[in-house]
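Heads up, the next two complexes both have chain A, just with different partners, chain B and then chain C.
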Partner chain A sequence: MIRYAASRAIHAFAVVLAVTTLTFVLIHAAPGDPLTGLRESAYASPEFITRAQRHMGLDRPLYVQYLVYLGNLFRGDLGESFATHIPVWHLLRPAIPNTLLLGAAALLVDFTVGMAVAAPQAIRPGGRLDRWLSNVTLAVYAVPVFWLGILLSMLFSQALGWLPIGDIRDPIIAAAGTTPQKVVDILRHLVLPAATLGLVGAASTARYQRTALFDALRQDFIRTAHAKGLTARVVLLRHALRNALLPTITLFGLSLPVLFSGAVLVESVFGWPGMGTLAVQSVMRRDYLVVTAAATITATAVVVGSALADLLYRVADPRTRSPA
Partner chain B sequence: MIADLVGSRSVRRALGAAGIVATLAFSAPWLSPYDPNEHLDAVELRIAGPSWHHPLGTDLFSRDVLSRVLYGTRVSLTVAALSVLVSVTLGTAVGMAAWLAGGAVDTVLMRLVDGALAIPRILLLLVIAALWNHINLAALVAILGLTSWFGTSRVVRAEVLSARAREYVAAARSLGLSRVRIATQHVLPNIAGPILVAASLGVGQIILVEAGLSFLGLGLAPPTASLGAMIQEGQSFVYQAPWVVVAPGVVIVLTVLVFSALGESLREALDPRSGGRPA
Partner chain C sequence: MTAVLSVRDLGVTFDTPRGPARAVDGVSFDLHAGETLALVGESGCGKTVTALSILRLLPDAARVAPGASITYAGADILKLEAEPLRQVRGAGIAMVFQEPMTSLNPVLSVGWQIAETVLAHKSVGRATADARAIEVMKLVGIADAEDRYRAYPHQLSGGLCQRVMIAMALACEPKVLIADEPTTALDVTIQAQILELLVDLKRRLGLSVLLISHDLALVSGVADRIAVMYGGHIVEEAATADVFAKPVHPYTEGLLGAVPRIDRPELRLAAIPGNVPPATEWPAGCRFHPRCAHAWDRCSTGEPGLVAAGANRTARCWLIEEPGRRKSS
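For the complex of A and B:
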């Protein structure tokens, strides 16, 4: 187990290294550099540009720049924003918990709804309900997440007036409210973005879980459980579901990149102050160090998340520990 | 294989639906009642609701929404089809090359692919969009195609690895054929099925990604009609003019749905083992 964990950690490290290399290559493969804007400006003399170039280390050979870049990353130094001259980390730090909150709430919706849809499908595969739900999940799978967000906000915020949209908190409550009021306020702001992101994810979770449950229900130990005279309900909940939960762990690892991608769009729709919103704003300002830092951080989170999922799987399923 | 596919009713139906969508989109110049970029009447027709003359209404700039949706679908389908062509070719090539080269090259290639897969697609595209200034159709196809092959290369590599143990590969090898020749002439045709499935699902995926990108304002430059950009433009006045947002969204859903259904039906038709088993 420890050997597996160590090899999985090395693998994860290699992938993170690949991510940083890719972003570095992308930055340098693109036309222009941070000084392009300055060169076009009439107020910057050639001497000033040379000095700026030296100051940023852009005059050194590429492999030196790469090593410096890696060294800075490992020291947690993400550089300074070109647009605001604020250290990138200071811009990202307040955004990270907001994105994590949105992601966690969305995952909750995703897996609860996904399982609730998959279970009745797997019990009677090929039945009318199964086919109907399959069509629904296929259709939801095709819905652009940002469009769903706009429709939900039209319905629940504008037409019904139940929920607020925009930002993560109400400025008045944030300034003058009590702690419980503040918590409720954030949760009310969280409902629509999390539901939007979670529902789209639930479609693929349901399709995946349906297969997992279907397979779990057709294994020998289920037949044994039936033969023992257990009720269908007990067999489903205690025996099948428990085994079908195993692939869920894998699914969790797989769904992380999709979740973060969706979060970028959902944050933009709802003005949620997370890493996605920050990244999009930074793109508009051509402030690419912020964008690459956001990409590197989320990618690292994805890699760590899927490594943990793999380890959890080994712990949860004793069969994977001994060679089959 | 072709016979299996044409014999399947669900494949025939999905192909028919895809054909209809593609025909409608590529007949945009003949079907559109108006020029998609023409400001028809900035005073009278600004955000006009659906009517006989404008079945889907007009937008903030008094442009006909139906015409824009038709042209936008044509753009989406063109971008998606070309990007998938790039990504599937590249993914197949890398997957096969990884297998052919083996050893360290294989390991390094697959770690890089893992790394690329770990970066959420939209963020990867944001990084690229932050660096490039103007995106035209060719650049968009290149960007989407070059960032979409990672998954395909994994599928192809896995398929090649499992094909290696098959008898026809052993037979080809005993005839003294070179590895490259075995890979391209014997293995490739046998793994065409999964590649076709990946391509079909890829079209739907890229339509969604392209829509997301243009929703963020990072797609083709305006005033080119793009479904995602239409939704973004309509978002700020969605309560007064919901049709501007609803129409392109519905078209995206239908188009993606058609190609997902095609991919699913191909998968079922190609894998007789799946039978009643949900895929």
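For the complex of A and C:
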């Protein structure tokens, strides 16, 4: 077990390092640099630009920049934003919980909706409801996430006016509201982005879960459960679903990268002040260090999340534990 | 003798791509209080389908013939609503299956799987159900029952899993136990132990047992009566001693020929020639006639009914009407 944990940790570290390196190289390889705007300005003299370049360390060879960056990173120093001169950590810190909140809410939507759609399908496979739900999930699955986001915001925000969009909170409530009012306000802002991100995931969860549940319901032990007089509900929830959840836990681990990349689009569509929005802004400005830090943190979250999924699998499936 | 379970005119058809498969056809029998009735026949003759019909556990693809009835405790199981049916399952009639490993849920502890059966039928708390689970685990001879309670199926041997299945079946004190090839998946030495356990429990608890097996020799020491199945029919039913002393149906005769005899080892094992046709393609007339040494033209045209073939025994064969046609071997 300790050996397993150790090899897992080394693996995780390697992944995060690879992502950091790749992002660092790619963003530098992209045309333009943080000083592009300055160069095009009529007011900046060439000497000033050279000085700024030296100040930012951009005049040094790339591998030196990279090693310096890594050295700082290991000391916990993410550097300073070129665009705003704010420490990168100060930019990221408020964005991280926002993205985690969005991601968690989306996962909740993903798995509850996915399950709720899959269960009636698996119980009556080939029936009218099954075919109808299959078509709906396929359609949602095929829809681009930003398009779904725009559609939902047009419907529920613009047309019906039920829910707010843009930012995570209403400035007036945030300034003058009571705590319950503030919580409700954040939740109301959360609904549409979380639904957008969650529904796309729910479509694939439902398709996956339908098969898993279908298979579980045809196992011998389901017949035993019926034979001993359990109610249909207990057979479904305690016996079939528990077994069908095992592959879904793996799916959960695999879906994390998709979740984060989806979050980038959804945050941009809804103006959600998370890491995705920050990353997109920073890429536009070639704000190298912010982009790299966002990628590093996202990679860490994915790696930690999939380790958690593994652990969860071990808890949920006694067969992975050593025999007694 | 009173029947605790009466099956009448049971027919089960599966819709298959090759047409309807008549897996079970016109099966009737009574299970009397405190007796062991063995249902014996080759693979595919309809034993499991018959057993599953009794607790309405057949897959959705199966259709039960409209005239069939299965009477238990004064009610027709085939007509029960969901809740009374659930109460019969496990508490009135319990079942043990062929594959103990796959018949237990791999992600739940075996003790809990027994306890949840108790909770499904009795208004008791979790502690009482757990205590009952441990009690029946001891009853079926599981050592260290308290420790084994927490074990998962993959941590136990096949024999232990089958003991757990039996404990689970007995947890709510059913009147009838249906055991579908309870020993087939086990090692030979374990087979004898499990069979012995069933016999012992049946006697101590006053159970009525429907024992299903493809092995006539195995049931001979256990069963009070034997019903022999072939091609979805019961072809002969008689007391065990009568079956062995003088089989009426040529198929039973053939099965007996396949039973090794310790007292007369010089007798060769006579296997029955040919194969069982698929259930979509029963031949006209008697379903056994293509494999029967005695068959004559009547056997390929008319289907014999199940008729009395002596005191307390029935069989489905034209030889009963025309015993002169029997060829001496």
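What we mean here is this: the second predicted complex is superposed on the first by the 271 of 324 C-alpha atoms of A that agree within 3 Å, B and C clash if a C-alpha of one lies under 4 Å from a C-alpha of the other, contacts with A are read in each partner's own complex, and residues count from 1 in each chain.
By our rule, a contact is a pair of C-beta atoms (placed from the backbone, for glycine too) under 8 Å apart; a residue touches a chain by one contact, two chains touch by 3 or more.
Just so you know, these numbers come straight off a predicted model, no measurement behind them.
Visitor: With the two complexes overlaid on their shared chain, look at chain A and say whether chain B and chain C clash or fit.
Guide: fit
Visitor: For A:Arg39, using the defined touch cut-off, is the partner it touches chain B, chain C, both, or neither? Pick first, second, both or neither.
Guide: Neither chain B nor chain C is touched by A:Arg39.
Visitor: In the superposed arrangement, which partner chain does A:Arg131 touch: chain B (first), chain C (second), both, or neither?
Guide: A:Arg131: touches no partner chain.
Visitor: Mind working out whether A:His90 is in touch with chain B, chain C, both or neither, as first, second, both or neither?
Guide: neither
Visitor: By the touch definition at the top of the document, which applies to A:Ala316: first (chain B), second (chain C), both, or neither?
Guide: It touches chain C, and chain B stays clear.
Visitor: Would you sort A:Thr21 into first (chain B), second (chain C), both or neither based on which partner it touches?
Guide: Touch status of A:Thr21: first partner only.
Visitor: Now for A:Arg223: first (chain B), second (chain C), both, or neither, which partner does it touch?
Guide: second
Visitor: Quick one: classify A:Arg51 as touching chain B (first), chain C (second), both or neither.
Guide: In the superposed model, A:Arg51 contacts neither chain B nor chain C.
Visitor: Tell me which of chain B and chain C touches more residues of chain A.
Guide: Looking at chain A, the partner in contact with more of its residues is B.
Visitor: Between chain B (first) and chain C (second), which, if any, makes contact with A:Thr292: first, second, both or neither?
Guide: Touch status of A:Thr292: first partner only.
Visitor: Rounded to the nearest Å, state the minimum C-alpha distance from chain B to chain C in the superposed three-chain model.
Guide: 14
Visitor: Taking the two structures together, which residues of chain A meet both chain B and chain C?
Guide: none
Visitor: Which positions of chain C touch chain A when the two form their complex?
Guide: Touch residues, chain C against chain A: 52, 55, 57, 82, 86-91, 94-95, 97, 99, 102-109, 116-117, 120-121, 151-152, 154-155, 165, 168-169, 172.
Visitor: Which bits of chain B are touching chain A when the two form their complex?
Guide: Touching chain A: residues 111-112, 114-124, 126-133, 204, 208, 211-212, 215-218, 228, 231, 235, 238-239, 242, 245-246, 249, 252-254, 256-257, 260-261, 264, 276-279 of chain B.
Visitor: Quick one: which bits of chain A touch chain B in the complex? Just the residue numbers, please.
Guide: Residues 11, 14-19, 21-23, 26-27, 30-32, 121, 125-126, 134, 138-139, 141-147, 150-151, 154, 158, 207, 210-211, 214-215, 257-262, 264-265, 268-269, 276, 279-280, 282-284, 286-288, 291-292, 294-295, 298-299, 302-303, 306 of chain A touch chain B in their complex.
Visitor: Would you pull the chain A residues touching chain C in the complex into a rising list?
Guide: The touching residues are 219-221, 223-232, 234, 238-239, 242-243, 246, 316-319, 323-324.
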